[in-house]
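For clarity, chains are labelled A, B, C, D and E in written order, and residue numbers in each chain start from 1.
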Amino acid sequence: MISFLLYKGILSGAILALTLLVAAYSTYAERKIAAFLQDRIGPDRAGPFGILQPLADGLKFIMKEEIIPNVSNKLLFVLGPCIAMLTALMAGVIIPWGGTLIMDGVEYSLQIADLNIGILYVFGVVSIGVYGIMIGGWASNNKFSLLGAIRASAQMISYEIAMGLSIIALIIMTGTLSLREITLLQTGGVGGDWNMWNVVYQPLGFIIFLICAFAECNRTPFDLPECETELVGGYHTEYSSMKLGFYLFAEYINMFVSSAVISTLYFGGYNFPFMNNLGLDHNTITILGTVAFFLKITFFIFFFMWIRWTVPRFRYDQLMNLGWKMLIPLAVVNIFLTGLVLIFMNR
Amino acid sequence: MLTNRSKVVVKKEMNFWERIYLPAILGGIVITIKHLFRRSATVRYPEKKREISAIWRGQHVLKRDDIGAERCTACGLCAVACPAEAITMIAAERKKGEENLYREEKYASTYEINMLRCIFCGLCEEACPKEAIFLTDRIIETDYGRKGFVFGKDKLVEPVDQRVDVSKRQTPAVLEFKQHKQLTHNK
Amino acid sequence: MTINLFYFLSFVAVFSALLVVFSKNPVYSVLYLIITFFAIAGHYVLLNAEFLAAVHVIVYAGAIMVLFLYVIMMLNLNTETEPHKSNLLKFAAAICAGLLMIVLVGSLKGSELLQSPVMVHDVGLVKNLGKVLFTDFLLPFEIASVLLLAAMVGAVMLGKSEKPPANETKTSK
Amino acid sequence: MEAKQTTDQYYQAEEKQYSYLNLGPTHPATHGIFQNVLKMDGEIIMDAEPTIGYIHRAFEKLAERRPFYQITPITDRMNYCSAPINNIGWHMTVEKLLGVEIPKRVQYLRVIVMELARITDHLICNAVIAVDTGALTGFVYMFQQRELVYEIYEELCGARLTSNVGRIGGFERDFTPKAWEKIGRFLKEFPVVMKEFENLLVRNRIFMDRSIGTGGITAERALSYGFTGPNLRAAGVDYDVRVAMPYSSYEDFDFIIPIGTNGDVYDRFMVRQEEMWQSMSIIKQAIAKLPEGPFHANVPDFYLPPKEEVYNNMEALIYHFKIVMGETDVPKGEVYHAVEGGNGELGYYLVSDGGRTPYRLHFRRPCFIYYQAYPEMIKGSMLSDAILTLSSMNVIAGELDS
Amino acid sequence: MIPIDYYLWLSAVLFTIGVMGVLYRRNAIVVFMCIELMLNAVNLVMVAFSNYRNDAAGQVFVFFIMAVAAAEVAVGLAILIVMYRNTKTTDINILNRLKW
């Protein structure tokens, strides 16, 4: 019992630390990638290649004056970023970060909790995430913030539906909600037993899911809640110091988590090609798998940033049209197609 | 139609591929990723400085002549020419024994340029008939107070041992003219 | 352990439900209601209905309450917009609720004798639930979908104003 | 009693239904200091009230206190995105008053400088449209090219933004070989970047959806407001001062006037984009046809004598003093001269009473006129559209006040 | 294992609070929320009994209640918005005349 708690505690702590670290370095990566895509250099003063920039940023956030507007709703104003941060961190619990490690004959899973409702948990957490933005935007008592909050809530609710529908097709195919089982079904991939990654069977679902993930993370082209040229800063216009930091951090954590979910659902999670044909022992495969998983996550984070620095953003009504008139019907069509194919396959 | 040279340049219909967003976005990300491998255009400022042109209109200098006497004769043309009214000067008469300090019989005992007013248009340089004031390719230093931006003679007149080379901004005709040492101007 | 959890969740649920009713600002009401819903979701988990708990959070906390909050923000309601209600009415409301409580107490008296006849609790799993839903309750399920569609159409129709298209109300789920 | 209370409530609420949003004076999208009070119903703009005057600097009054040559730096500060056009336009106005004959070479050099300035102006406008739709990267690519143009200015006159280039009668100095080299480099590099920028945006559906049908204005309304320049051409009227009333030998060059169809943001964007291509072709033609000759006209009353003469020659020194003091005689009369500025017809109405300063000087600033139409153009559209409309009209705050 | 009557008491209390809210408040949106609260109290009993009897029917019913609640909220809030547009208030006492 104690060792079980210890193992879970260590695992949770490690994943929490890792999430925060990745989020911190995502801010650095964002600036660096933006700079490189734009023929610039980016931060390079703090440490070699600016590698300590996240530390400097964090320090600056902490040192900044804390401003709570007089006319704001003070309790909710503080609550907003907390909720945003909390919900962003919660989703990491369910993701299988790797296979199992066998130590002294005991098998340790690199997943904090394997709930049987798996992916639904992620949805639950994501659907709560909107409160952080809404409450913060409303409590600021600023019209730009309020507009940002309203945009955010409408956008996130709408895209959640398309996201859910795109997942349903996947669930029909795999027959399970558990993320670990979904990952295990993709074991092997190229080489070996040729269980291809789900993206091969669900390309349309993957694209819909990816677009919805962009929308849920409020990234360009769906960054309407915070678009700086229209709403100054959107929901975080009035925020300063670490509260602003929390919002920005939450965005990067969301990005990290959604990259992890995309990799798990569609790109085989911690599986990598030829993993069972190399003749490695179990623990090595697990560690290599985790590395592969993080490589996939890194690619998706890069992809998020890459897109952000390329495309313009939607307008509010176009965003709604895209969500309701294109993605949801497409997702439904995808479900039908998947169902039909499965019926024919079984016959 | 007022002319026969006009041409409609807008095509607003989208074809199918443009309608489904993705090809254009893919094209876009290909363009941006190409820039990932391109040399950055940034100049790392404090270590490296951008090469600025020879005729750059920056901080003013009050020139001395070859022996180190101030060229300015306080004629006031620069102050008149200044559209921003940034130049203030007080003229004084040269005393005996100051010939090596001041070139002409009259000189500017005070010469101030308010760098906050100055718009660096270069009209003072053009107005000067005595080859005394020039703009240079130096950039004004920053300061915290307004007072620091009123440049007096201490900052404007070039030090005797550290001459500011302005020959780059003078025309070849002037440079050629300056070779004739017999002329009064060049003595 | 479990019983303590039950007490805690019940306390949270009841306390925040009371605050829903008594807080002046509708935004606070919404937030307290969300807390109540979380507590109820916790109860569902205690009752081995994980799937329902997740759906409950997604539907209620994630969609319905966001809609409430959205409407409140859009209409910009706050404490001042709450109309004044006379003390007499409030008193009457309390009395009515108290009477209802007494009726319920009377009817529930003696329910502690009930004991669970089975020891296996596996209906909360997705598989079992899905089987029942798509066999025994197929017709109601389809009717529910038609109901949702009708509600969606109705909401869009109502939300469309005759004026230049203003704020479209989108339905959730 | 209750009914009355309800009606009162109703009227209070009627006011409350709309919210008022202060867009500006400092807002990331206003690109300058001016204010818009928007009456909003949710995200829809019901009405707008534009306010100007935040950077009022009394240009016209200032100009009436200064000799002619000192007015040039003032014109810099109107449309600071294309300052050389303002400068040269002013010089041409004075030359028109004086009736000076300008050598062909000077005219061609002026065309080159003005077209470069037009490119920077349109480039800023289009890059900023991209930013306001959220695509920052195209903006950065374009701004690198603007840097090249500014380096050309720097080589010509020693300054970059507020250029004060040229003098009454010509240029203050001839183009150096380095300047020619930089112009050549710009003409070589810019088309590549332009193509990239166009590929990023022009056929991208997100951008097209954002800009097509946004902030449109019909040709009739545009004309009755007094629109000129790219914004009028986007509405479908091919009015261009360079063709309608050619100045500075524009009739020698072959270029087309790009027009749009219904004056929306996309039209304006495309018209500006095409005008940049045309400007490049004009520059190439001007370089190819450039005749030999002096870089300034023979206006001894206004153009300063060469320095070596001033240093040595009494006659020249007297002229020098006379010009700098602004004591040369000018004819009485009034002239109006218009140039095709970066943003439209930039007119100078100069009344002279023969004194050392203008008796009255009025600048016809196109942005001031565009900004009047702004409320009409954004009524009924969304906030995002309003911002896009503002940046696509390229309203420069410096031109609003005078 | 928690006895079933605990859940009955809990949902009775929640239901009463919901009823009290409906009677107590005049803001239509809060009234709506109190109705949601009552529905949830009922849901809780259903799930409790479903677990108690190990019969899925109770949970399926909860599903249907959720669906109905979602539909009700969507339509109800749409009506509220229309009402607000016309009367500029969400006071249910203004509504009792059934006209505007």
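Going forward, contacts are C-beta pairs under 8 Å (C-beta built on N, C-alpha and C of every residue); 3 or more make two chains touch, one makes a residue touch a chain.
Remember, predicted model here, so these are calculated numbers, not experimental data.
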Graph separation of subunit B and subunit C (steps between touching chains): 2
Chain whose Cα mean lies nearest the overall Cα mean: A
Computing the C-alpha centre of each chain, which chain sits at the greatest distance from subunit E? B
Which chain pair shows the largest tally of C-beta contacts? C-E
In angstrom, rounded to a whole number, how far apart do the mean CA points of subunit A and subunit D lie? 46
Mind checking the centre-to-centre distance between subunit B and subunit D? Centres are C-alpha means, answer in whole Å. 24
Measuring from the mean C-alpha position of subunit A to the mean C-alpha position of subunit E, what distance in angstrom results? 33
Round to the nearest whole Å and give the separation of the Cα centres of subunit B and subunit E. 75
Return the residues of subunit C touching two or more other chains; collapse runs of consecutive numbers into ranges. 55, 63, 67, 74, 167, 172-173
Multi-chain contact sites of subunit B, meaning residues that touch two or more partners: 25, 28, 31-32, 35, 41
Would you pick out the residues of subunit D that each touch at least 2 other chains? 16, 19, 42-43, 137, 141, 144, 200, 204, 206
Using the touch rule from the top, collect the residues of subunit A that touch subunit B in their complex. 33, 35-41, 207, 306-307, 309-311
Complex contacts: residues of subunit A adjacent to subunit D: 34, 37-40, 143-144, 147, 150-151, 220-221, 223-224, 227-232, 309-318
In the complex formed with subunit A, which residues of subunit D make contact? 19, 21, 27-29, 42-43, 130-137, 140-141, 144, 200-201, 204, 206-207, 209-210, 382-385, 387
Residue ranges of subunit E in contact with subunit C within the complex: 1-10, 12-21, 23-27, 29-30, 32-34, 36-37, 40, 43-44, 47-48, 50-57, 59-60, 62-64, 66-75, 77-82, 84-85, 89-91, 93
Interface with subunit A, subunit C side, in the complex: residues 27, 31, 34, 50-51, 53-55, 57-58, 61-63, 66-67, 69-70, 73-74, 125-126, 168, 170, 172-173
